[in-house]
Amino acid sequence: MDLTPIFYQIFIGLYRASIYWLIASGLTIIFGVLRVVNFSQAVFLILGGYLAYTFYYGFTGSFWLSILLASLCVGIIGVAIEFFLLKPLYKIDVTYQLLMTFAVSLIINDATKILWGKLPVSIPLPETLGIGVSILGRTYPLYIILMILIGLLIYVSITILINRTMWGLRVRATWRRPEIAESIGINTSIIYTSVFFLGGFVAGLGGSLMVAFSPVAPGLGDFLIVSAFIVTVIAGLGHLTGAYIASIIIGVSESLFTLYVPEVDLLLIYLIMALSLLIRPQGILGER
Amino acid sequence: MEVKEVIRVENLVKKFGSFVALNGVNLSIVGDGITSIIGPNGAGKTTLINVITGRLKPDRGRILFMGRDITGLQPHKIVRIGISRTFQVINLFSGMTVYQNVLIASLNRGKYNKSLVEDILKSFRLESYRDLEVYRLPHGLQRLVEIAVAIATKPKLLLLDEPTAGLNPNEKDLVVELIKDLEKQIPIVMVEHDMDIVFNISREVIVMNKGEVIASGTPDEIASNKYVKEIYLGV
Amino acid sequence: MVSEERRSLLKMIGAGVAGLVVGIAGGLALAPEKVREIPKTTTITQTITKTETPVAKLPKDTIRIGVLGIRSGTWATYGTLIEQGARLAMEEINAAGGILGSKIELSIRDEAADVVKQARELVEQEKVDFLVGVDSSGNAMKLGPIMPELNRIVIFTHAATHRVNEELVYKQGIKHIFRISVPVYQDGILAAWIAKDLPVRKWAGINPDYEYGRVSWDFFKTTLKALRPDAEFVSEQWNPSPGTTDFTKWISAIMATDAEGLFTTNWAVEAITFHRQAMELGFYKKIKAVFNPMGYSMDVAYGLGKDYPKLEHGMWVSGRYVWFYPPTDVNKRFVDACVKRWGRLPAYSTETTYSAIYMIKAAIEKVGTLDLDALIKAMENMVLITPAGVRWIRPQDHQAVYEIPYGKISGETINVGGDVPVLTDVRAVPAFLYYRSPPDYKMPIG
Amino acid sequence: MKMPRPSPELYGIFLAAVSTLIIPVFREPFYMYLASLFMIFSIFSMSYNILFGYAGLLSFGHALFYAGGAYTLALFTLNLIRDPLIGTLAAGLVSLILAMLVGVLTLRHSRIYFSMLTLAFGMLLYALLLKWRSVTGGSDGISGIPRGGIIINIVDPIARYYYIYTFFIAILASLYILHRSKYGLLIRSLGANEEFLPFTGHSIFKLRIAAFLISGSIAGIAGALYALLMGVVTPDLAYWTTSAEPLVATLVGGPRFFAGPILGSLIFIALTTYAARIADIWQLVLGLLLIALILGSRGGVLELVDRIWRLRR
């Protein structure tokens, strides 16, 4: 039989996976270090898209520069949120930190509508990315290949960042036991802020890259965050590799099911979640 | 023939990553009275209590309580079987009143008799504070409440983790008096740093170091034990 | 003043005739006997009697109209389109002396914030006399049943579920509900009428996974199968809506089949996203014809502009009204006014809401009172000359009957506050051929 | 035992009960509608606060039970027994079962996990309601819910109003008894210091389940009442934003207080009615309100009132 469809479907699945991953990765590192579930992570992604739009048409006119600026901006916004809204809450119950990020997502939702209007926005793909590799009657757009690679790149670089650098050493120290980290003289407050910057940056990068292919409109974040939550839950909260694997599992299986059993669409992700809760409640890589 | 061996710990091992907190602890406590566990910081005293009370799961070994294996049971089950404890850092429902704290503890195993709560409040001389939220009380009183809560679960063994930590002299005396009273009713195992207290009120002293029991005996025996002096009392 | 009214009146008549001509050109000959007469007779007479017998002034000098639309969330832009139509009509009418001397006032609300609460407040607190608008079919189904209790007329101008006219009005007999926009018939059935003549046999569908998408696809299939028995439906895909930003997996799933044609009712941001991604994946190298019933609603037309793909057998798009059809004065005037006022070509829900306000005007002017039953009577069977052409309000289920064309994306664009693709090969099938009608609401085939 | 804090709560509750009782006298349908919304929403929020305020569990999926109840009533009265009362009770029961299923899957996890999982399960129902069109009517939902039945008939708006009122008072009373009871105390101890609870000999999981079941079934009844009020049910009842509403209401009112959710509901209804009028930015308004509360007074409005009250005595 002709394997092209399956292969192509997996290819597409990997692309979906990296969209999920671009949100889930931020969620994971932020939770891993700060023990905060950042409800606004998906809205960060959307924000990245909008900012890229503004930078592209408003200032630079350059695709790549806009993406860089947008990612940085979202990172900085992340820092601001962490500094002004979350720092005061670290001493108290975790649920209030989650609530805070929830409130932030509500605000950003409407803010995008007020600032960029209600119409969807997008930016054109640069010529260099517009083309696609054609194999056996199927076009493999450079853009999608790029997105898959960027997902991988982010996974690799975050892993290196955390396992091979001084900063990473401090992060790892803070990862499980902040009190101990403090006791050995690590300035956890700076670690927290920098981690939030990283989380914001990654989301911003994802969003600004996405907007060239999927226009953004107010409220889209709401739909993405649910999937991202499910990914991190399946992964086991705070497990980077787990989150990457989970993104791929969800992305690819969603894609394949569309080919063979389209009817379970929309439900599939929840079925996978329920299943993994029953089989591995602690998550793919989580330990009890 | 074991006449009421209260608790027996066999070859208990607990690791945190590469750090070995308990390295094959064996001990057996027989009879009433106060048994004190002493040892330098990081000796594994608190870890031992946490493992016994189910707060931590051991990597190896077993724990027998009055002949019954309680290894790795959930904390609330262990409490119901008859072991209650207090914590180094006071642990209570600080937003609730003294009365409510004791009441909650007295409510387990379904049955509840009002008199029990009242009696405990009386015997701990806490009636006057019964409707104050715990966080409003001074440290010493909070410690009393904590012990009162532990007693309210009708335990057969009481574990006290540094009961006098962070108390001023008067408060210490208060708590020590209380412990002496309790000793008459119930066997007590206590982790304590204040050597005067330990050697005054203990029936038996167990010395731990680097996750192992290195000596045990009467206060006098321990006090005269060269090995202990070297590695612990540092004399 | 008077002379002005005369002139505008003459225009109206002229437009009416023009509208008729188009209607006939559209093939009225095919329509059943009874139906054919209505436009011929009533249009003209109505318009004339209206001014010949001057009516007494209304009891109140302001007529308040509540306007409902989605103003928050992903579809928030649609609330604005409705508002634009309502405002334009209000400004025109008030400038021309209002309705029998009474000025129109609008109160605009977000239907996404509990449509029932909004409607109740509009009627019971702000004492509005009419309700118009409503984007979401779900909200229409919520609002409809309480209209008798509110004792007001509501004119739906976007919500398209056939259940509004078929169930609420016809079966449950809620006379307070009218709809001036087309039901899903246009999106599913009409598409099939055009699709049947194309050299395309194998069809696939990617539709939003809710009633609108489901029903339209269903209508499309049943009709096409009947008109073109050799038609095959090789793949059905459903994308969540709102909220789909990535269509790739459905697109590639259909590329795995041997489909030659595609039917999709995706609209708004999702239509834009869909076509962009389809192009990226080389989908249109494979697919020869596409039907996208909402593909020519202005947000999509502007959104895709020059990039709107042009296919071998046609990228067939429509709306519940398209700005260039029919080529009547009424329509031209409306389009000019919109461009002048809002800087862009009118979207369909702008036209429908605009016409709804004029429908209210016509009804009041006909009966000269605000008496509900009289107004309902007046609106039933009414024939209106509107920018979208001649509208007949079907008395049995209060559904406006009028025709909408489909057209092919030509590849050309014109620039009116942005690039808008121009359509070629515009096809108008008389509404009577694709409207389901009472009593049985059977699929109208042959 | 005597009340933890003799607060103005009781007066407030009494005031609410009386004012809602007399509203219909004014023959203002709009305010009757708002009052009905207020009562239903209060029930919903009170049920929510059993999780949030008492057990310290932040749920983003409480709409699961609300929508579950609403759809149960719709389907039950249309297909099985044509009676609002039986339908309402059935709704409570079905939501109880739902709570059991979801609870077993989610409550063994940490509280953060729980929050995310509840969001997912809520959306699961949402997806189901959209997908299972033959039963749920898809996105158009189910309309024509019967108000007249074999036992009771609430076709008349006033009758419907007092039907809702009866449940409002009944649930208010029973939840107050729970609040004062020893069992209520145990559930609240979950929120007070969950880590410590096991060492008083109580199972966290069992108490959480208990809280979840009570909360879920009452939310189901609230949903059923909403369905009866509207006569229509649509899937957006199960959408996660529906879960966020009682959360906001509870926070505004004061999660630590019995009357918190009730006051919160009042403010919330007033706010959304007003905010929806001034502009289409009420998400923004809610967000800012939340931040203000979280940073300012986590105890909500009642905490402030309570402080003042204490000062006065």
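The letters A, B, C and D name the chains in turn, as written, and every chain counts its residues from 1.
Please note the rule applied: a residue touches a chain if its C-beta (ideal position, glycine included) is under 8 Å from a C-beta of that chain, and two chains touch if they have at least 3 such contacts.
Keep in mind the model is a prediction, meaning the values are calculated, not measured.
If you take chain A and chain C together, the chains in touch with both are D.
Taking the mean of C-alpha positions as each chain's centre, the chain lying farthest from the centre of chain D is B. The interface with the greater number of C-beta contacts, when A-D is set against C-D, is A-D. In terms of their C-alpha centroids, the spacing between chain A and chain D amounts to 32 Å. Averaging C-alpha coordinates per chain places the centre of chain C 39 Å away from that of chain D. Centre to centre, using the average C-alpha position, chain B and chain C are separated by 77 Å. Averaged C-alpha coordinates give centres for chain A and chain B that are 47 Å from one another. Shown for chain D are the residues in touch with two or more other chains, namely 130-131, 280-281, 283. Each of the following residues of chain A touches two or more other chains: 110, 113, 222, 263, 266.
Residue positions of chain C with contacts to 2 or more other chains are 72, 76, 79, 209. The touch graph of the protein chains shown belongs to none of the named shapes. Contact annotation for chain pairs lists A-C, A-D, B-D, C-D, with touch applied as defined.
Per the touch definition, chain D reaches chain B in the complex via residues 1-2, 4, 182, 185-186, 188-189, 192-193, 195-204, 256. Residues 71-72, 76, 79, 109-110, 112-114, 116-118, 120-121, 124-125, 137-138, 141-142, 144-146, 149, 161, 163, 167, 172, 209-212, 214 of chain C are the ones that touch chain D when the two sit in their complex. Note for the complex: chain A touches chain D at residues 31, 35, 37, 85, 88-89, 92-96, 98-100, 102-107, 109-111, 113-114, 222, 226, 229-230, 232-233, 237, 263, 266-267, 270, 273-274, 277-278, 281. In the complex of the two chains, the chain A residues touching chain C come out as 4-5, 8-9, 11-13, 15-16, 19, 110, 113, 117-120, 122, 125, 132, 134, 137-139, 141, 143-144, 210, 213-220, 222-224, 254-255, 258-259, 262-263, 265-266.
Interface residues of chain B facing chain D in the complex, by the touch rule stated above, are 53-54, 74-76, 79-80, 84-85, 91-97, 99-100, 103-105, 107-109, 112, 131, 149-150, 152-153.
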